[in-house]
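In this document, chain identifiers A, B and C correspond to the written order of the chains, with residue numbering beginning at 1 in each.
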Amino acid sequence: MSHPSAMRIFLKTIVARAYPRFVAAYRNRAWLITETLLPLVGTIAMIYVYRALHAPARFLGFVVLGGVLLAFWQNVIWAMATQFFWDRGAGNLELFAMAPTSLAAILLGMALGGAYVSLTRAATILLVASVLFGVSYSLSGLFPALGVFVLTISALYCLGMLLASLFLFYQREAWQLADAMQEPIYFLSGFYFPVRSLGAVVGGVGSLIPLTLGLDAIRQLILPGTPQFIPLSVEVLAVVAQIIAYAALSQISLRHLERRARQDARLILRST
Amino acid sequence: MSTAIRQWRGFKAATRLGWQISSNWTQPLVFVLYSVLRPLSAAFILVVMYRVISGGGANTAAYLAFLVSGVAFWSFVQYGFAGLSNGIAEDRGEYKMLKYVYTSPAHFYVYLLGRGLAQLASAVASALIVLVVATIALSLPINPLGVNYPLLLAASSLALLAVIGLAMAFGVLLLQARDAHGYGELGSGVLYVISGAIFPISVLPGVLGTIASLTPLVYWMESIRRSLLGSQAIRMFPLLSDTDVLLRLLVTTVATLLLAHLVFTWADREARRKGLIDMETNW
Amino acid sequence: MDIAVETKALRRVYRSRNQEVVALDGIDLQVHRGERFGVLGPNGAGKTTLIKILVTLLLPSSGEAFVDGLDVVRQFRELRHRIAMVSGGENVGFGMLKVKEQLWMFSQFYGMPSAPSKRRIDELLERLGLSEAADRRVSALSSGMRQKMNLIRGLITNPRILFLDEPTVALDVGAARDVRDEVRRWMAEDPSRTVILTTHYMMEADELCDRVAIVNRGRIVAEGTPAELKQRVQQNSIVDLQLSPGGRLLDTLRRVDGVTAASVLEQDGTDRFSLQLSNDAALGGVMRAVEGSGRQIQGVQKREPTLEDAFVKLVGRGMAEEEQA
């Protein structure tokens, strides 16, 4: 019996799953307030911490760039990794799971759909905070930094798929754990300070998160004077390796955990 | 008498419900980790930020104590403000029970107060553990035997009353929105900036600094540091005595509660008028 | 005859921290292609668990299940192209999408080209009387309209086998009738289509299904056409008694000589007893028992057996009583 190819279904699913997010962003513009002001306020608070310490101007840039990548981390955690928890409660997960598509495509669609909001959030932080606090950047490193940014976000979304497969298995704990992970991740990734400050061991552990190395590389490129954690070329290679590793792990994990979820009835139980 | 008993029962039920919601989702050990991991990480972020600038030299303990005390006690505001205001939206949207609570004999204030206090109770462990761990790890000049507990308790009681009042007003105001997601965190984020929790408010530009000096949270932070650290506290208001600070806290708390009551009353009336108490918010 | 669905000793056990629940306890089932097959039973009988296994959302604890010749455990990826499921009371999807958008979205998960998908959606909306609501947000639909939309979602992809899990639950009479009419129409279009329907509405199974399996506590207690199942109680007289409310009388009536089965339903302040009598003479004993209870008789009628009566005879009590047990 003939049916559409797996690749065709994969691509169509990504577009279709992204669609509700695009629609929501257009039809309910209240997100413009919370999704831009909230991270901006958080970034400003940290900038004032450095201001109070009379820190050099580039430290304000550390915070701004950290805030920009933080926007994508939030998208990965809340719009991707924990999304199956909400979908299960709404009954959508059953329909996604019994369709001849892959959960990876559903996740990528969610991520694509949320990217619009994340980009807006990131751009707001970058522009508003930089102008308000007079942060300047080295333009010579701009294009390489954009390249590193794309690689970092790709690795991050692959990690997001891996996390989503883990969260598929847990119920309300998943949401709470994701919430509990926020500040530890901000710490380990060096969102607000040079990664080098964490030292080799803690920084090494933090480097498992793509944001850590990506953020450090971007800072090295456009914020002169950034203390180097590891050489730029090594960081870039490591991020590329993370893309491959997390993409592969997420596929294995999604398949394995989907089977476990079918076994333990975790696809169908309504969450509390 | 029977009315008082009804209100008391409603209050107890609300407190128990609030506690169950914030603590019932997993093993107690994991709940504790969650209550500890977040604020500890927040504290260490600030410590690293400070160390990066100060170079970890001498006389840093006082400033670290300034940061740590602010972050530790900020748990109360985070849980109390964001937790309660989001809780109201959750009761309507996710649990769909707000209408039943609203139409029950217990006054809505009483219910919200119970929910709010339960959230605050969840923050006690966080605050204590952050203080203890940070004091030991960073050799902070905090001596449990030297703490001015009456000042600490008096200031905290007033400030947290203000927080609950603000949260209640904000939460009922949020009923106007179909999607209230994120507004609780936004509100507590704004308070974070103007509270003096992680930096002295003298750093804030003109208008912001003025607004900050009108909020009870600034005086609460000041009282916390003075009670924990005594003469070693870095003071945001060096010319004010402890009594002056407490008095300002009292006045600003009363003003905040009055304002919160006005907002609450208006928002409550609007919500009823527009039929928002049981509005479907299914996204 | 071609088999569309087959299960062999199908078993499913749910385990939680302190409890083990046997939801399915050795189900052997065969559904022929082109059939409308009903799975009838009280809440908690295992109907939904059975459906979830057949649509590949749940793995069986033991036993086998084949849908369209494919193993639900090993060949689930291929199987998912051929099936669809619609559950009653579904609130799925995204409230801010319009009806057409939501339906299009789900069709894309099956790889349907957009243009034919949209044409099919328009056609089905027209058939189910939802054309005017096509551009309305899903959150603004009534429950009846929403369920019709859900049914359309199940039909767009032209599945070979359609699973309907309590599709008319919580619907008003008109909406429920529309859903059943559409199922009949859809089946009539293509004789190779098969429908598996779970329900606890006896009348629905009686009206809609070619064959019915009665399930209780994870087991099939009887299987056959509605007529065959009613035949099991044909030799009995079925008498309905409406009595004023009072103390427990059901057990007393069950002990009356000649009463082979009895059930009761409280409705509008009246207790409606349904009794199966091996012979009409048993009615005398029944009336004496009623007189002894002090209750007032508000109505007595003899009627034709229904599937509910078959259920009562097989299980020993009514569906409502079984759900409370």
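The definition used in the following text is that a contact is a pair of C-beta atoms (placed from the backbone, for glycine too) under 8 Å apart; a residue touches a chain by one contact, two chains touch by 3 or more.
Since the structure is predicted, the reported quantities are computational estimates derived from the model, not experimental observations.
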Point to revise | By mean Cα position, the chain sitting nearest the middle | key: A
Exercise for review: With centres defined as the mean of C-alpha atoms, identify the chain lying farthest from chain A.
Suggested key: C
Practice item. Find the geometric centre of each of chain B and chain C from their Cα atoms only, then give the gap between the two centres in Å, rounded to an integer. Key: 52
Check your understanding: Taking each chain's centre as the mean position of its Cα atoms, how many Å separate chain A from chain B?
Key -> 28
Revision key, fill the gap. Between the Cα centroids of chain A and chain C the separation in whole angstrom comes to 44
Review point. Of all residues in chain A, which are in touch with two or more distinct other chains?
Key: 24, 28, 90
Practice item. Provide the list of chain C residues touching at least two other chains, using ranges where the numbers run on. Key: 91, 94, 96
Exercise for review: Please set out, as single numbers or ranges, the residues of chain B touching at least two other chains.
Suggested key: 282-283
Point to revise | Of all residues in chain A, those that touch chain C in their complex | key: 1, 3-5, 8-9, 12-13, 15-17, 19-20, 23-24, 27-28, 90-92, 94-101, 259, 262-263, 265, 267-268
Exercise for review: Would you mind writing out the residues of chain A in touch with chain B in their complex?
Suggested key: 24, 28, 30-31, 33-35, 37-38, 41-42, 44-46, 48-55, 59, 90, 172-173, 176-177, 179-180, 182-184, 186-187, 191-194, 197-198
Practice item. Using the touch definition up top, name the residues of chain C that touch chain A in the complex. Key: 14, 52, 55-59, 77-78, 80-83, 85, 87, 90-94, 96-97, 101, 104-106, 108-112
Revision key, fill the gap. The answer for chain B against chain A in the complex is residues 25-26, 30, 33-34, 37-39, 41-42, 44-46, 48-54, 177-179, 181-183, 185-186, 189-190, 192-193, 198-200, 203-204, 282-283
